[in-house]
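Listed below are the structures to be examined.
After this come two complexes, each holding chain A, first together with chain B and then together with chain C.
Right, the complex of A and B next:
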């Protein structure tokens, strides 16, 4: 479904991604793991067109993403939940959701369906996004992403900075989103948070995807984690 | 004239300055708030508004009212289109880099100014107001037999001047409604708050920027069309509005629209009072000093949020 072949990308003159080759299959939770600064966030930004690939090809459902403007990517049903949540902080919960609905002209039925998943948000529709707790903000970012009824959701460190109880909740929501039919490309630094829910895992090292394996094979191979993550 | 009526007159003149300044400065503030662009050419868009108003009304010389209505509609529209094109051709290409946009808009300032000099010429040209009835204004006197209304000689204004104030208030209210109550407003605010995530939700940020830049310039042009029957059109008339807009936007807090309007009213009224009782130059000196103090003691403006 999502197919990256030898993708490279740079910030100004500095090349950050060298050879990112991977694919995400329909309905899977695919985890992208790597150390701090390995290029995980940049990979997601490149998929979203927010950083322009200067090498390689990206395609989604057989549509080339290389030629699309960044604002056309969400119309392909790819949703993005960035690191740090990227909420419209001064807007209300309801307005953040409304921006999410704009992409594909989705109406109230989608909104109601999404809010069913997040009862805590439903109670806080008028509240400004920046006044929510960390976990609620993460939920809002995920709810906003679901508004485009995505086939693929890019999740960048959704549990970063959250309490353990919240981490559990975000994990449950991630599984729910998958069950709704979306494939998920999940970036994490903490392996324990994701291994139990992931189907496959790709390791990225200094801008290169080193290998892609099934999650179960990682569980039986701690040496792999030491090598790529230093744990 | 006694002090009371004299002050009243000064406040009235100041309100006109305030009304036009509010429109112009809100345009500058909007562009800065959403795009983080300091538009040094803003005063030239003001000037173009006045020049186009002259051009449109003089083509329809026989129908001053119709000509003015058309000028009110089309001068801001034309200026907005020119500004949007400027954004698309120049600012977008330099990636809205803060230093480069300042240099680029200085360039735009001179291009617009010199092109106007070459075509419109160096003369100041008047535009006839669509209506301009003089009205005398009453004042009260606390004499031997209590409060009485009097009509001091020289205390008066024109219907047009009052209409300018009303029009500015209506336009600002409409702008506020658009920004807070419509889908367009939501798109602009989302772009302002996080342009990457706006893009990731399908908002064509390039187009929003071109539109906002056009809207900002159109607001300046609207202010100019309103004031040109009082002031005349001239190719150098952009300097004062630019300076005053900067002063207002800094005092009001960069990017804060409400702060901008409040500061415009404050600066406009004090400009009126100081100009009438002392001199217009002193008014500008004091306003500039005020900016210096604001920058030293409250760099985010009197109404701006403190940096987090």
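Right, the complex of A and C next:
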């Protein structure tokens, strides 16, 4: 289980996170919602060690993440699919996946398993990543993250700018990973898409987790969305 | 035929072609080619850091000079034979690469360029300052008797050419293997997206340091071979000019390609050689050609070949 207690983080002198306290359980899709600039992506980056927490504690499966370098975090079986995908564009699809596999010494079986989730990538293994469509790039970003066989997956707006069929595919894969026992922390702007698959939702406001509720309670209480998101 | 087999075949073909060229070319050009082959090792080392890892160093002359002086000073002052002198040269290159890498990697981007440049300048000035031993700009001329390896006289044109070719071929295949290995892929991942590579769990700093050490060692090996085969080591080889050369060779030949350094090195060598036959303002002609090539083939010669004809080109 991922546990954040009173986490604070800053970019240089600018404090962005003030009090982020939440947890994500195995087999759960936990969605982090908030307005632009509320601290959603910073929360994910802080978990990944890309932004250093200057207060509070972070732990995953009872292992403290505080003080670990960014490259040590994935060794805790934590995968991150960033906004904008962050692919190695000059490399082919196969090479992108290999780079994901190599770091944890995973082999062909993991690769096959990952490609089973995204059969479209199988057809484009030799294609350079930069020549893929937006949806395919997102699939590749997720496929590469899954190469480490993660127990926790952080997804930052995975459906941003995608056509409906691709959104459906990403949703299906997310649900499948959850059903296989992974904990998923999802940041998403498309509230309708989120609420139908999330188990719990945390609202973040100006770097503070304001409330954590079940997804069904949000669906039954639209006023909550208006209060935290202005929709 | 898969990509690895094609790559192996291409590298073999290039090596075979270079063997053949010795008998085809007049002596003047085979002498030039020996020089190009040795300098291409330097360019390959530079390419590993710049073309594959994305680190732009302006101080590689320090590594080249470390190998060059490591060998020359050992032969000249310690009176050892070629093998231990070569080992000293390689050890010196590794030691300097480790130190420079460790310090320079505390910086990134422009600061990295400046720091490497400053270290190289410090090395250059040290070579001049220790003129009593290095003979400064005048340099050390190695005796013919010192340039003998296992009873093979390396001052002869044929032995010199084939020794240069042997070392070049070994490095050529080693680099081809390296860039297709997990290490090479990780370096490309760092070049493409450093933060992403870190997020995948790669220890980026360690990999960059390893890249600098490998690159510096290859550059040092090239410097040592240059001194051994051409019998001279001078402070000029530690100057900023020799830090800029490998950058130009790699840019012209094609950064991030295994064959690009050789192409770029040969192209620039002959560009200067030919243009100097027509005018004393040969650098102007060379400069115009370089600008045109950069404008119309920004990925270098091998980049054009890769784009138009051989997409699998490593």
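Keep in mind that, in the parts below, the second predicted complex is superposed on the first by the 231 of 231 C-alpha atoms of A that agree within 3 Å, B and C clash if a C-alpha of one lies under 4 Å from a C-alpha of the other, contacts with A are read in each partner's own complex, and residues count from 1 in each chain.
Operating definition for what follows: a contact is a pair of C-beta atoms (placed from the backbone, for glycine too) under 8 Å apart; a residue touches a chain by one contact, two chains touch by 3 or more.
It should be emphasised that the depicted structure is a prediction, and the values quoted were computed from it without experimental measurement.
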Chain B and chain C placed together on chain A: clash or fit? clash
- Query: If you stack the two complexes on chain A, which partner ends up touching A:115: first (chain B), second (chain C), both, or neither?
  - Reply: neither
Q. Does the superposition put A:153 against chain B (first), chain C (second), both, or neither?
A. neither
### Message
In the overlaid three-chain picture, which partner chain does A:201 touch, first (chain B) or second (chain C), both, or neither?
### Response
neither
Contacts for A:191 in the overlay, against chain B (first) and chain C (second): which applies, first, second, both or neither?
neither
Q.
By the touch definition at the top of the document, which applies to A:24: first (chain B), second (chain C), both, or neither?
A. neither
With the two structures laid over each other on chain A, which partner does A:48 touch: chain B (first), chain C (second), both, or neither? both
Residue overlap on chain A between the chain B interface and the chain C interface 48, 50, 69-75, 80, 82, 86-91, 95, 98-100, 102-104, 144, 148
Within the complex, chain A is touched by chain C residues 182, 185-186, 188-189, 191-193, 195-204, 256
The chain A residues in contact with chain B across the complex are 48-50, 69-75, 79-80, 82, 86-91, 95, 98-100, 102-104, 144, 148
Chain A partner, complex, touching residues on chain B are 183, 186-187, 189-190, 193-194, 196-205
The chain A residues in contact with chain C across the complex are 48, 50, 69-75, 80, 82, 86-91, 95, 98-100, 102-104, 144, 148
